[in-house]
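Before anything else, here is the set of structures, which you'll find just below.
First chain A sits with chain B, and in the next complex the same chain sits with chain C.
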Partner chain A sequence: MKNLFSEFKNFRPKRREIPLDNIITSKEKVMQTLIKSYNKLVEQEAKELVWLVSYHSVIRAYASAEKSIKNMEYGVEDIEEFLFEIEDSSKLPYPIMGLSGIYTAALCNHAKEREIVFDLRNRNITLHLLGYRLPEGKKLLVYGDLGDFTGIGLNGGEIWVEGNTGNWTGAGMKRGKMVIKKNVGRRTGEDMVGGEIYVEGKILGIGNIRYGRVYEKGEIVSL
Partner chain B sequence: MKKIPKSTWLKIRKKHFFPPLPFPKIEKGQEKAALEIKNKQISIDEDFLSQISEKMPESDAIEALLDHATAHYTFCPWDFANYLRLYAEAKKVCNDKDMAKKSTDYFMDVVVDTYCVKEKQSTIPSLYKHMEKGKIDQVICALYQKIWGKDLNVSGSDELVKKLMRLPYINKKRWTEVIKRFTHILRPLLEEEMLKSASNPLGDHKSMFSKESIDKGLMELAQSAASPKAFSELVDDFKEELEETGYLGQGIGRGRGQETMANILYYIKLAQNYTLPLKKLPERKSGSIYPHSHSPWEIERPYYDIDIWTSFGKFLPGLTQVWNRKEGEILYLEEKVPNCLIIIDSSGSMIDPRKNLSYAVLGAACACEAYLKYGSEIAVYNFSDAEVGGRYLLPFTKDRMAIYQSLCKYFGGGTYLKSSDIKAFEGNDMDIFLITDMKISNFSEVVNYFNDIKNRVTAVHIGKSTHSKRFALSVSKKTNISLYHVEKKEDIPKIVLGKVKEYLHQMF
Partner chain C sequence: MKNSLKNIYDFISDHLYFYRPDLEISGEKYNSTLLFSLLTAILQGKQLIVGEPGLGKTTSAEYICSVFYQIPLGTIWLSEIAGHPEQTEEKIVGRPNLGLLNKGIESVVWSNFVQLPVKIVDEINRLPETKQSIILDGVDRGNWEYLNEMFINDEYCLFATANYQDLGTFTIIAPMLDRFDVMVESKHPGANISYLIGPFYKKDELLRHERYEKELNKLLNSRLPYKTKMERTEKVCEKFGKYLKKKGLKPVSKEERKAIQDQMEKLELDLDANAYLRTLISELSFCYKYGQKRANEKCEEGCHFTGYLCHSIKNCISNRFPISIRVYAQALAWLLGEKQVNIEHIKTVAPYALSHRLQWKEEFVATHEKEVRVDPLPIYLAKVAVDRVLERYGEQRESIKEALAIGYSVSQGEEIALLEGDHPIYWEIKRDLGEL
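Up next is the complex of A and B:
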């Protein structure tokens, strides 16, 4: 018996393409690479079972992050998109906020753009360790709150936070400037060896500052 | 007055695979909007059409507007449930109902316009090129330029467009995630627009849904809402729209969308998701016969029953097939379902139905829906400490709202069930549905009362207690009492459903 539909066997409906299709395809490609390398980083670090922020673990994780994003082509929009992916977390199996902060810091430090703006207002995400080792010539502007260890080891860059930051803000920073429009937590500027931290709100506690300056509402509070 | 050519509407319908929409109209005066969609009726503003036809062919403008409006029904949002889902996500980002509505409107417009341009070869780009634009429209047109690859005579807003153009608008599965990002990016502009009270040039979408669609949407929302509070917050956001479509007027009756009304609506819609079916009805022979099965034909059997199709045209005993006939059966309803008295405990040990999902209220609501479905009447006896006035009695009625209002009442405090109150309902041939945690202070009196009555009783008690054990023991020999013991409150709706079904079967 003849199959009446055999004539349609090779029929393929015409697919109209618009530029959006290409934009989405290339964006998805970059995003997949970012997520893949992030997952790799998490897998490496998850061996520790409990990932604690310590001097060595941060250095090690940052080095791994730097290595995994080497030769990667991405832009600020991709980093923003990555933060949305972390927030949704359905595509990321282990949303460890410390690691995502380090990974985002590495992405920011190696991005082509000099100025990076994140809008984290009304978002279900708390980023720790953002601004880690931000180099000279880079400016990070964040709308919303950041978590602990913001701007640690700052290396000449500039961080503006239009919100609050957590404990250990600016710890171990070398050079550069941080401006926090609202309040900061305890141990602010712990072990910092240079640079300036301007807090327009309240500082919950100052750390042991070696060199550098911390200002609260315009007045110097570091001795 | 201008009219839309039949051929244009036919073309649009064909493009969109013949959606069931009425013939669109051209009307005057639609408050600045080019398009109005009310309960599936698409209306194009005549003044807008005259203005735009100076810049582009009128037929193209009509086609573009109809494409846009039709795609709202065929693609996004499709129905009220989807619209609510999108709105809820947008509201999470901006925490403001008007801003969330605006953002949802803009998002849906971007989705349908892009869909039409990609899938339906629409004249929409030409419409946007010649239309007057506000600030957000400028940004959206700049976005269209990038994602459609068409020149729409706009420039600027590169930073925003760079972010907006990365969103997969046509991917249905990702809409809830995409609208969040869309709202997040557009938020500064939306805040500005809220101050100016500027409106969407293609009109808003608040009245486009039919009552049936709203009904279905609310049922889905009730199922997915985290709590009655979350449901009532969302319903409250759409109070005006629901009133406008006449939904609140018809469905709720009194109170015009007050929080308690939204709470009641929550339990109604949730219970309607669990509507109980009655199983089979008794069968009776109809007396007429009809072909039922085949058997081989034998030489002495009449040939008029031969089925020539299964006999392959052969007339041979053993090979040829004949029809066996069987007497038909019809269904009929013999008895009616009796009325039901729902006795619900709203003492302090029970969950407050306004704050959290009360499985007691939901269970009672499911039973109520089952009885109402068969035309029976419901009476409610809501009690806490009845001795000191913590009680509410609703006489037998079919008024769903009154019943739900009585079920959702919450007194708190102690638990005292007055059997004399229940006796007030007697004289009716009624079933009794009791739902409580059995921590009743006059427990012995209650047990004695239930031991004496002959009505069929379904008693549901929550959690383990000595009282529930004692109640189970004392009524164990009573065949008219079906008792349910539940470990977890979450089990109540399922068990109530099953039991009531079984219960209703017994009468046939």
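Up next is the complex of A and C:
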């Protein structure tokens, strides 16, 4: 008997393309670029897998991060996805939180979107240095806790944290506004030269403030 | 040759059968009755034309037959059978030669209906169900039997007309319906075209020729052997063809008819047309529970295949359906000048090849009968069904073709897993390969 399907002998199916596949592929490509650039930053800045925070090391690391993300096409969802990748050590071999924060800060500062929202609740991640040099016109809203040096060198942007922040919050900030819904650590507002920090919980310690204002539960504490 | 057919189509639409186009293929508009009648005449098919009285069911068939086979209208009228309860086998098929019978010799005088290659049964549903069986075999194979003699047509096409149900009509029996390749409706042309028909009331004269009609009648009533009779008949037809040529028509000779049929037969279905037709047939015949559809078996409550056509029909589609759809799609593709039969040709022909063959369940009819439409309900329902299957095929065309390709490899002995899918076609492939 003739093969019932002989007309289909030479049929080769076309690769099925659905829009979602293209989106996923494009997102994966962006993520690979972000991870590659982050790993390069870690290799440059972290000697023997240690990165010490100092005035100069932060400036240098930020400059490197800015350079590596130049001309890169990404969006807020990609930054959020990157934060998930940081949590997964199998994909990122050296998740150093200080550098992660600096790198994320650079991504936020150069993102196309004006408002950036991160949900870090129930996440196994503590980001330091987030909000570094956040420029005017940008707003960063974080659900969950942030680590040390949150919003340092704030440059006119606005940071809302629906949680706690660590030590040196708002250190060296120039302009802008920070609102922390829970508690902040020691040296809050150290060397700040402008702007306002509103803390709705407790402040463990105030730093040496030059200019600018710090409020605790609505009361000014920076005088 | 394509031009000859288009010339016939245009001539009839300009002079004889006035209509509104109701079909669009490859950007061109056609009238379904006229187009399918032309294809039926070329293919030697069988066509049922339904419609209200006086809307050109019989005349459209007569015109097509007359022009295409070069037979004067008067001869066609003489060979027609009219359906009525008193109709007899002797009037339809043949009768004993009474002169010879008196001498003790049994011989049959075949009717003109049997002898001519064009056969028209007017108002077939006025033939009682029992008498419809008289023409069943003849309609199917062109074999006519009377006494101990048999008459076989080597070339024939058949048109039957039917009015919608009234007091004088009977049901057309299912085996008879299944023997028709296609069913079309001869529609009202609309007020404006209808108004223009008035001045054309003598249009039949165009296809009449008294002398040739007499010659043909004499030949058909002669006792010449069939072959000789047909050869001489053909010669008279050719003369009538020349007469038609003077009227602006380019008739088609018997040799050309044969050549056209050969060319049509050679047109292959492309892969999509092939896979879509298999998909359609699978929905019209598949039953997971009982192996196939059967008119006397009901679908199980909560069947997994509720969304497919098998759940909306009562009966199983016959094997005549794929033959009808294939040859008509080939003819259509040929007429449109295509090199292959594509899915559009199949989609166009399918509702007309399906509408009379399907028995829909009440729920399906109730869902659609009140919808806005231009076609009679059976054709409309078939169009809905064909579109639905096309939609499903469109969603998984690559998978279905891949499943069929894998089916080929497995048949050749390769050990690869068959493609899994929800559609009945995947299950049918598994069954064919003994995996169910």
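In this text, the second predicted complex is superposed on the first by the 206 of 223 C-alpha atoms of A that agree within 3 Å, B and C clash if a C-alpha of one lies under 4 Å from a C-alpha of the other, contacts with A are read in each partner's own complex, and residues count from 1 in each chain.
The rule we apply is simple: a contact is a pair of C-beta atoms (placed from the backbone, for glycine too) under 8 Å apart; a residue touches a chain by one contact, two chains touch by 3 or more.
This structure is a prediction, so every number in the text was calculated from the model and none was measured.
S.K.: Just chain B (first), just chain C (second), both, or neither: which does A:71 touch?
M.R.: neither
S.K.: Between chain B (first) and chain C (second), which, if any, makes contact with A:3: first, second, both or neither?
M.R.: second
S.K.: Quick one: is A:27 in contact with chain B, with chain C, with both, or with neither? Answer first, second, both or neither.
M.R.: The answer is first: A:27 touches chain B but not chain C.
S.K.: Spot which of chain B and chain C makes contact with more residues of chain A, would you?
M.R.: Partner touching more chain A residues in the overlay: B.
S.K.: Check whether A:11 is in contact with chain B, with chain C, with both or with neither, and answer first, second, both or neither.
M.R.: Once the two structures are laid over each other on A, A:11 reaches chain C alone.
S.K.: Under the contact rule defined above, give the chain A residues that sit at the interface with chain B and also at the interface with chain C.
M.R.: Dual-contact residues (chain A): 16.
S.K.: Flag every residue of chain C that touches chain A in the complex, lowest number first.
M.R.: 269, 271, 274-275, 398-399, 401-402, 404-405, 407-408, 411-412, 429, 432
S.K.: Residues of chain A touching chain B in their complex?
M.R.: Touch list, chain A to chain B: 16-21, 23-24, 27, 77, 80-81, 84, 88, 119, 122-123.
S.K.: Using the touch definition up top, name the residues of chain B that touch chain A in the complex.
M.R.: Going by the criterion above, the answer is residues 92-95, 114, 117-119, 121, 146-149, 162-163, 165-166, 168-170, 177, 180-181, 184.
S.K.: Which stretch or stretches of chain A touch chain C in the complex?
M.R.: Touching chain C from chain A are residues 3-9, 11-14, 16.
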